[in-house]
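These notes are about the structure you will find just below.
Here the chain labels run A, B, C and D in written order, and each chain numbers its own residues starting at 1.
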Amino acid sequence: MTAPSKLAPSVREERTGRAPLLDAPAAIRVESLNVRYGQKAALRDVSLTLREGAITAMVGPSGCGKSSFLATLNRLSDLIPGCRVDGSIRFRDRDVRARETDVLDLRRRVGMIFQKPNPFPMSVRQNIALALSERRRLSRSEIDEIVEHVLQRVGLWDELRGRLDASALALSGGQQQRLCIARALALEPEVLLMDEPCSALDPLASATVEDLILELSEACTVVVVTHNLAQARRISDDLAFFWVRDDAGVLIESGSTRALFRAPRHELTRDYLSGIRG
Amino acid sequence: MRIRGFVAGLAFALLACGGTDQAAIVVTGSSTVAPLMAEIARRFEEQHPGVRVDVQTGGSSRGISDARKGLADVGMVSRAPKDSESDLRWFMVARDGVSLIVDASNSVPGLSKEQVRRIYRREISNWSEVGGPDLPITLVHKAQGRSTLEVFLEYFELEDKEISPDVVVGDNEQGIKTVAGDPRAIGYVSVGTAEYEAGRGTSIRLVPLDGVEASVASVGQGRFPLSRQLNIVTSDEPQGIVAELIQFASSEQVHDLVEAQFFVPVE
Amino acid sequence: MARGMVQTSGVSPMTRQPRQRHARWLDGTVRAVVGLCVAAVVGVFCWIVGDLLLVGVPELSWGFLVEAPIDSGRSGGIAPILVSTLAILAVCLGVSLPLGTSAALLLSELAATDVRLVRVVRRSLDVLAGVPSIVFGLFGNAFFCVALGLGFSILSGGLTLACMVLPILIRATEEGLRSVPSDYRHAAAALGITRTRTIWKVLLPAALPGLVVGLVLGIGRAVAETAALIFTSGYVARIPTSLLDSGRSLSLHIYDLSMNVAGGEPKAYASALVLLMLLLGLISMALSISDRWLSRRMVHT
Amino acid sequence: MFQWSKDHLLLLWLRLAASVCAAILLLVAGFVLLEAFEALRDIGPVRFAADASWHPASEADQGLYNLVPMLSATLFATLGAVLLAGPLGIASALFCQFYAPAWVAQLQRRIIGLLSGIPSVVYGFWGLVVLVPLIRLQAPPGPSLLAGILILAIMIVPTVALIAESSLAAVPEAYLLGANALGISRVGIIFRVAIPAARSGLLTAVILGAGRAIGETMAILMVCGNVVAVPESVFAPVRTLTANIALEMAYAMGDHRSALFVTGVVLLVMVVGLVAVTASFATETTHAESTHG
């Protein structure tokens, strides 16, 4: 993981020949976000805009609130006892934090992938079907169609086509994580939040998932938390750099990945991205 | 969904309950009388199709209070009426004796009323003083409220408070099992039960009282001094089917049942 | 499933170092003590069951299962009593299972939001778990039989037992739910799955082992109960035709035979054996259901 | 905190169910108190501790109502049973979880399950026929506190063992593997990882066992001797509170009956005390390991 010394176009652009316009509209706009766990502040005054169609990587040392930030976007923070959130989060034209927001609908539009693969203790097919069949009654063949479709998108179809009814827990870590992604994709999310999706995987599986993220970004906005700077550089369009200040996470700076690696405004960013700190 | 299925099932079952609206006579009370009464009830049901007799066990006091409150049509009481209970109608169905029992290995020949009295007051504390082995006496006593206890205390002119037992038992069988195998122990239980148990090899012996051997036969002949009535009671003069049941229960038609339960039929 | 151990400490020639001699000695001692304890429990079990078998087996026959008791149970069989027992158990579980599982869900899944209710419920259940069965019997008699007018009936008995097994059921289910990793809850939440569906499809299946433990303990407690039933379901040894009929339970029959009927002992032992077999059947059923569930989910199959 | 709009029916049902469960205690306690009220009013609470003895049915004077000997008997019996059954039950749980091969563990579980289902009257019977004569050889008369403790211990082992095991099973595999990876011995893993991680469940197991022991009636009635006296040794016959109710309830009237309900109230108070004590040092556990923070 060496620090980049010279600049290159983002891998994504090179590989897919496509990147979001610099003036793409905001998918999610966060303003003055504060997160506290009981008495302890986790995030202080974070404002950040996530561009539509972009892959935004969030980097920074452990405990700087990246995961907390992510969890507020789909209100998974609701599940954490003692967690309090202030500030404004807008997903397209909707106020995420408003009381009347349909959280379940929000979470279906803003999918999430966790650090540790967490398939349900049931078959591969059921894992995908569980969320799908809740809203509307789907026939067996419709479900099978979707299962095949999403498994193909995550590259699992060929591996798993004969084992759809086997327990998902019997899969390898990389397969499990891709299944979790497939499960989220089945809902056709508009934004996909990924919390260190590769850190629990071996390099090979990690690379597969990384490729997958690039492919996915064509269909939806991706936010990925990562510790791997090379990965962030390889796949992201935008970069947000977090740091711990006074025991709370703060956003130091954000911008296009290329710009940040080339000319960081803050000394901290420069040191971190070049591997001197962190 | 499973819950819904269950609720439906329960509701159905409840509805089904309403359908069986037979005439049921409820009999409650003494656990001594209950097995006999259950057998009588069964025979009565056979003779009267469509009639159900539900026998519930509890205790003599329960029989009286249930009959008074109307919770039961008939109460069962395993003792003679007290003065305070003259508001009820009493019908005797059988007699029962109370026998002193010791372990089969205990060689005590017999006991007099006075000896028993002194044993239970701990004035005699070794079997050798009454002609038995040289062993301390273990007193097995009945719990408060039991009719057997009341009969026992009354006959031996004892106060429950003067007795400090080593073991307190509830039902007859518990008394028998506690005494059986313990050469020190003395207890008292229904004579029929004791006779039956001794007959089938349980390690107990019925101690003659005042020279009269303890047996169902001697109770039947009226020779055995320590005996009690087994009664059934109603709150008012019995009517209709209840009167028939009571008539039946005190008739000769049930004497074989009474004997099968080791009680003495009423002539 | 000797957990997490088999691979390493079972066969671990690499770790034989002098420093660990003490640890190995300790390991051996603890193993011996644990073994001894288990042997004691199993020994007592064998003793009791052996006793039961010795006296009870000669009495057992097909007729014993399908005939009605004669002569206060000294002869004949236990058919009506079996039917009543199963009916009482069905009422008991039918009421306590949905109620208990739901309460356990509240205690486990809503501990953060319904703080006060959860605290009240938990404390009540802790106390309820300690209420003597005889007190339940008295309560059941006064409440179900008299106040609700159900009389001496299978319904009264089953409901009383349901009150009694609830704390056991809830505790065990709650433990089971707590052992379900929060990963599943987060995963389900992130997929926008409703709580209802999460509970039905993910949490309850995953908590099944705990539920089954509760079920086993609850069934055991219910089937073995005497004191609470004397005053509620009653003494009548006749095949019940409805839930409002009085019905004598097997345990009460055993009690009556052994404590109140001279010479009832052999039949009491035989009835106890039948009770044990019934229980064994129910437990095996519960365990095999949970095993089947588990094996479907387990990594190593 | 949750969004319940989609789930309000479920929420409603859960709250209702839980409230019903809590209400049962109110009903039970309320009913027992109501029945006990008469005696508490007529006799006065003091006499239940200060009277010379327990002779509620004697008609000469208004009866004597001292419950202290039975209270002490219940306490001693429960304590003894828990001290015996706690280690036995937890040992059985450890055996199933850490020592036994799968099929042996399964067998052990079934045995434990069966033990829990043997009716207490069978235990009492066995105690009376087997245990009591053995004790009689040592110290007559035989029926004694010791017999009660032994029978109770056997009876509550299943409760302790099954709950202890399910809480040990809930210790995340990762902890155990982690400890294994550090080369910690099996004993070390059991005592320093598994037991601490499962301690709230183990405590629950013992408490539930104690609760069961306090409430056990039929077996204790058959082996304890039922003499109302503060035990001087473990060989002395005793009467527990529950045995007192069971022995006399069916035959009691008026103040006597009400006094037996006072016995029930004392039992309830004991259980409440037990719960209060444990609540003061038991920690609330949350769900198994979480990946976020």
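Operating definition for what follows: a residue touches a chain if its C-beta (ideal position, glycine included) is under 8 Å from a C-beta of that chain, and two chains touch if they have at least 3 such contacts.
Because the structure is a prediction, the values reported are computed rather than measured.
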| item | value |
| --- | --- |
| Most central chain, Cα average position | C |
| Relative to chain D, chain with the most remote C-alpha centre | A |
| Centre-to-centre distance between chain C and chain B (centres being mean Cα positions), rounded to whole Å | 35 |
| Whole-Å gap separating chain B and chain D, where each centre is the average of the chain's CA atoms | 33 |
| Where chain A and chain D are represented by their mean Cα positions, the distance between them in whole Å | 51 |
| Rounded Å distance, chain A centre to chain C centre (Cα mean) | 46 |
| Junction residues of chain A, two or more chains touched | 78-79, 81, 103-104, 114, 116, 118 |
| Of all residues in chain D, the ones touching two or more other chains | 1-2, 6, 125, 129, 246, 249, 286, 291-292 |
| For chain C, residues contacting two or more additional chains | 98, 112, 181, 183, 185-186, 194, 258-259 |
| Chain C - residues contacting chain B, complex | 71-72, 94, 98, 146, 152, 155, 230-231, 234-238, 241-246, 256, 258-264 |
| Of all residues in chain C, those that touch chain D in their complex | 1-5, 7-9, 15, 20, 23-24, 26-27, 30-31, 33-35, 37-38, 40-42, 44-45, 47-49, 51-52, 98-100, 102-103, 105-114, 117-118, 120-121, 123-136, 138-139, 142-143, 163, 166-168, 170-172, 175-176, 178-183, 185-186, 194-196, 199, 209-210, 213, 216-217, 219-221, 223-227, 250-251, 254-255, 258-259, 268, 272, 275-276, 279-280, 283-284, 287 |
| Residue ranges of chain D touching chain B (in the complex, touch as defined) | 53, 55-58, 60, 64, 125, 128-129, 132-133, 136, 140-143, 221-222, 225-228, 237, 239, 246-253, 256 |
| Interfacial residue positions of chain B with respect to chain D in the complex | 31, 57-62, 64-65, 136, 138, 143-147, 159-161, 164-170, 174, 177-178, 181-182, 184-185 |
| Touching residues (chain side chain C, partner chain A) in the complex | 112, 181, 183-194, 197, 201-202, 205-206, 296-299, 301 |
